[in-house]
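Next up: the structures, one after another.
Across the two complexes that follow, subunit A remains constant while its partner is subunit B and subsequently subunit C.
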Partner chain A sequence: MTTPLLSLQGLTKAYPGVVANDNVSFDIGEGEVHALLGENGAGKSTLVKMIYGLVKPDSGTMLLRGQPYAPPEPRAARADGIAMVFQHFSLFDALNVAENIALGMENPPPMGDLASRIREVSETYGLPLDPYRTVGDLSAGERQRVEIIRCLLQDPKLLIMDEPTSVLTPQEVEILFETLQKLRAEGTSILYISHKLEEIRTLCDHATILRLGKNVGECTPRETSARDMAELMVGTALQTPQRAGRDFGEVALDISGLSVPSPTEFGTALKNVHLTVRKGEVLGIGGVAGNGQDELLGVLSGEIQTAADAVKMAGQPVGRLGPTARRRLGLLTAPEERLGHAAAPDMSLTENALLTGSVREGLESNGFLKWNDTRSFAERIIKAFDVRTPGPENAARSLSGGNLQKFVIGREVLQNPEVLVVNQPTWGVDAAAAAAIRQAILDLASKGAAVVCISQDLDELMEISDSFAALNEGRLSAPRPTTGLTVEEIGLMMGGAHGMEVAHV
Partner chain B sequence: MIVLEKRPQPSRAWSMSTPLVAVLATMFFGGLLFAALGKNPVEAIETIFWEPLFGEFAFYYRPQLLVKGAPLVLIAIGLSLGFRAGIWNIGAEGQYIMGAICGAGAGLAFYPVEGWFIFPIMVIAGALGGWAWAMIPALLKVRFGTNEILVSLMLVYVAEQLLASVSLGLLKNPEGFGFPGSRNLQSYASAHNAELFEGTGMHWGVVGALIAVIFAYVLLNRHMLGFHIRLTGEAPRAAKFAGVNPARLILFCLGLSGALAGLAGLFEVSGPSGVVSIDFNVGYGFTAIIVAFLGRLHPVGILLAGGLMALTYIGGEIAQSQLGLPAAAIQVFQGMLLFFLLALDLLTNYRIRAARKEVA
Partner chain C sequence: MDLTEINPVLLVASLMVAATPLLLAAIGELVVEKSGVLNLGVEGMMIVGAISGFAVSVETGSPWLGFVAAAVGGALLSLLFVVLTQVALANQVASGLALTLFGLGLSALLGQSYVGIKPPSMAELNIPGISDLPVIGPILFGHDPILYLGIALTAAVWAVLKFTRAGLILRAVGENHDAAHALGYKVVRIRCLAILFGGACAGLGGAYISLIRVPQWTEGMTAGVGWIALALVVFASWKPWRVLLGAYLFGGVTVVQLNLQAAGVAIPVEYLAMSPYLITILVLVILSADKSRAPASLGRIFHASH
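Right, the complex of A and B next:
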């Protein structure tokens, strides 16, 4: 048997109150694409941070080609040939590609040399990229290419990729996979972190599954069904949301000819958006992040105001109304960013319940607050949505991301909206909670509410929505019924491959 | 190595005790400072904190505490509402001056008519004067996005020039033998903000300060507007999402803090000072910023902090005259108080932990 490239033996890392990794061992072979599977909070990130030298294990050892390996910092890990592409890009919008790459290098070569090396590497691996383009103008897929090329310039032996496809269209995913397969053919090992099972089945040779910090099983993805892997990940049998056959009522929400500039500099302007949602209908809006999702939510919540009749609720123009007036009419929204947008981090859950609930739940009279009613509203949310917290007096920031998400969605759902708009409703939420949130959205729709669900999780949209549209550079494709849509069609609606080409293998 | 670790919840214990710890730390390091100046530190600290309250001449100093504390509390309450929402009115000193000029001017316009209605009119004029002065940075910020810190601060110096101008011109006492300064309102009964109880230092400004404390407490804890103020300060984006109109909030917070500062000026000019003169303002508007933070922007805290600040003022003066401490040393001492308070404030949200070196 050959020596594995990297061998992890009994890695343990505990944080106050939680054991992130508990005695995790596995091997990554040379030229292998190894998947690391697990739900949010399973300890995947901590594990790769240890490999990359960002975090030191409490106990356990690592062997790199049989030699003890304990990087004190990422620089040492990079020197040993380990590179990592993070889920969240660390790029400066105002600088160009080459400048961004130079910033991450120890001894950057002169800009001209660097630019030609970037061109060379990008062409070899089918990731065309102009070194002189400003990063602020690049799509998410292109930004990811910057990060990948930054790693490839180091000629790594092991490339760690943290949820690389979460920001890509299906076509872009395909191109990425060809690049990764080319790398594998050249002998580079890849540690691929994801919770998207179909992807892992197509790409990976081997998979390690983490649950609650422990290694709960290994498998060969090609030979294991997605459902089996999911159940290993979750630990219980999965419950698929149920929906009853529904009849749609009259039009509840109507956007026509809407164009607004983005309030932020590197945001996306909405261009001539049309959509209608009927009572009882769930409209799913897909698209790669940063293509106008935040702006669309802002237009609906009332944070961005438009011409009065660009946005209509049941025929009534609401485009000029602010958030409070819209809530009174029954248009409720849940933004993507939980801390700081949907909720105030340092305020208690009770205060956060008041944040959007004051009008519809009658939590104020003549401007004076009814704290008792507010507290019981918060308690109702906590109970109905199984929010794990000692009580409503706790600060929002003390909740885990998934729990806060349940609170934020629950807060809107319990107010019986006429129209509910959610952005990334299950982002960062574990599978069981995600299923509960989706079920709540479907239940709401079956009671006659119109729902707009903006999400980057295509599986989620296919599961809950009746019709599907995609945002691409601020334009919304014409909505189509979900049944019968193929992945290729969805990909084209999302803007295809953004001008990427397939690797010249 | 020492690291700061964010607490999952703000610590209540630290939040309550930081002011006390800050005062103790100030006493300790202030004592070192006084020792370095060759004074007996224990005696100096005792003079500052003990003498005004329980010393031989406390009967004289205690009313002074109310006289000095009331304008500080009144101004600081107004400022704290804005500070909570992230709206920084640094120009309370100017609004204080404008309140005094407008209030005194309204009263003197009636001179020598006597009537019960004159003082209420002065109160309204004083509040309006401060309000109008604060509306300048407010409107400029709402309309043109100017920085309210700079505009409000610069308007202090404009107000000082106006004060000099009216002291020498418009409001100059015609019977003042050519000396600058207005008629003395203390000798104009209808316009005099006299002590409500003889020898207590209790005048209408003290009443106003107490009402402002209660008003601010109710506003912040029981009213939607107060909730929106806190929300805007903590998470501006969430506030916008909740439906807060930022422009209206700016106008409200700056306007109210200006009006309260104007009231403080009016109560001062019609009472303890009596005269609109070139050197009328003594820095209450700036010290109130310290008071607001020392009181952790909480109405009750501000009430206590105003008292403490007044104490260090009066105690500082006693220390100057009795021990010969330089005025600058007293100012350093007051500065230390703010420094320690802000530094220790960190412990409410963070804990200090000794840690192995780890890159994270």
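Right, the complex of A and C next:
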């Protein structure tokens, strides 16, 4: 057997209270696309940070082409031909594309030369990009191109990609895969991190599965079913959410001809949005992040006020009402950003329960707070949604992302909303918790509530929604019944490939 | 009232002198803020620079050594800010305010024995022939070297931020410290250097007041110039040449209103005295209406999470 490109042997890294990686070993061959699979918190990120020199392992060794490899910092890793595309883009909004790329290089050429090299490489790999545009104005897909081109300019031997497709349309994913296959053909190895099993089955030659920091198995994705891989990841059999057949009632929420500018500088304005949701219906709204999702949520929650009759609840105009007045009427929202928008990070769960629940749960009288009732409301949420925390007096910040998400969704669901609007309800949540959240949303709908679910996870939307619409540059497509929709149709609704083209090396 | 007593050439020459302390302090603070740190201690660092420069030049007889000491003094005080905010991760606003209060107190203590002394003066630039030219001579070629240093520093800061890799890294750190860290840049080290540079510049600005502009030592003699410098950086949209413009505007209005006071114009002195602050901020607010914004990480505490 030939020497693998990179060989990990017994890597261990512990943080106070948790072992992020426990004796992990595997090899990445030359020109191989290797998948690293695992739930959130399985230790994938820590592992790649060790390879990229951001974190030092407590024990264990790495061999690069048979030579000992222990990068003290990312600079050294880059010098050895290791490049990384980050999950949360490591870009600088106020700088332009060329400056961003120069920051990721060891010895960047003068700006003029760099700009022409960026043009050249981006054309070659079908990822067109203007070097002088400000990164803050780019779409998520374009931002990712910046990261990828930054890596490609350094001629990497190993390209690490951390959940690269979570922000792309299906067409963009396809083009990314063509680019990656081109790279593999040129002999570049790729370490591909994801929990999307179907794309791993399409792309990857080999997979290593992590669970709770341990290597629990390896497989050849092409020969393994997605379900088997999922069960290796989770460690137990998966529950698929059950949807009861149900009839839709009258229209609960109605938006007609709504156009509003975005309140933020790099946001997207909503343009002529129409939608109706009936009682008992789940409307899924897909689309790549940054196409007006935050603004739509703001319009529905009351954070952005509109003409009075642009938003109607059961026929009653609510466009001028603020969030509290809408809550009183039964329109509840759970925003995407858990820390800082859905929950106040440094306040306890009890206090956070009070913040949105005070009106509907009657948690205050004459300006005084009923702490006992609030605490039992918080405890009810914790119990009903299996939130793992020592108790309601803990700060929201101390919960893991998935647990806090369960709390935030549970807090709204338990207030018996007439209309529930959720944005990215299972973002960054592990599979078991995600299934529980989806089940709660479906149960709510079967009890007669109207639900609007904004999400970038198409599988999730297909699973729970009755009809589907997509946001693209602030415009909402006409909703269509979910049954019978194909991936191509959804992709076209989401706006196609945003000007990408297939690589032509 | 006799407005003919006001000599326009002398006016321009003296506005440049009046503007220099502000320019030095503001250009230093600009670099600090570009790296993502908000140091509200400018006033404190200026006054400490003023007294250390004054004391050293009186003791040694050399104004040059005085200015070196002022830069070192300002930088030393800013080192305290480094320890508080970059090592102990304390709140930057509170630490900056504390730095100003501490600097004012410390300078009063150090300066007790220097009240009423005259410092050695610094020779003005004198190029035979050119410095004697009418109008241009006194305006462009008749100043002390530190004034030219201020202008050169502005140009240098502009060029470094715009054209060099060091400047790019500094801006990147101020824009998104987590991303800069992920790319392997030493966020804390870069910020420390920026803070020290800001401290040295503020110290020079303070010493310019006590050694050249006034020149003597009185307690609290920086009289709020440090605060104006802070406002100037914001309203100049973090652009070096606008800082220069704002500083000269401030200096200009200051000198004009002093001249008007001397000429006995029938406007209450209080209004004249507040006019430089008012007009500078007004003009810069109008200028800053474009879309340039603060460095995104400004004032946020960086804590490496791994």
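In the analysis below, the second predicted complex is superposed on the first by the 504 of 505 C-alpha atoms of A that agree within 3 Å, B and C clash if a C-alpha of one lies under 4 Å from a C-alpha of the other, contacts with A are read in each partner's own complex, and residues count from 1 in each chain.
Following the convention adopted for this analysis, contacts are C-beta pairs under 8 Å (C-beta built on N, C-alpha and C of every residue); 3 or more make two chains touch, one makes a residue touch a chain.
Everything numeric in this text was worked out from a predicted model, so none of it was measured.
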| item | value |
| --- | --- |
| Partner chain(s) touched by A:53 [first = subunit B, second = subunit C, both, neither] | both |
| Which superposed partner A:341 touches (first subunit B, second subunit C, both, neither) | first |
| Partner chain in contact with A:351 - subunit B first, subunit C second, else both or neither | first |
| Residues of subunit A touched, compared between subunit B and subunit C (which is higher) | B |
| Partner chain(s) touched by A:484 [first = subunit B, second = subunit C, both, neither] | neither |
| First (subunit B), second (subunit C), both or neither touched by A:73 | both |
| First (subunit B), second (subunit C), both or neither touched by A:90 | second |
| Those residues of subunit A which subunit B touches in one complex and subunit C touches in the other | 53-55, 73-74 |
| Touch list for subunit A against partner subunit B, complex | 53-56, 72-74, 301-303, 322-325, 327, 333, 335, 337, 340-347, 351, 354-356, 358, 364, 367-369, 371, 394-395, 397-398 |
| Subunit B - residues contacting subunit A, complex | 8-10, 222-225, 227, 230-231, 234-235, 237-243, 245, 356, 358-360 |
| In the complex with subunit C, residue positions of subunit A that touch it | 46, 49, 53-55, 73-75, 78, 86, 89-95, 99, 102-104, 108, 265 |
| Subunit C - residues contacting subunit A, complex | 165, 168-169, 171-172, 175-176, 178-180, 182-185, 291, 293, 295-296, 306 |
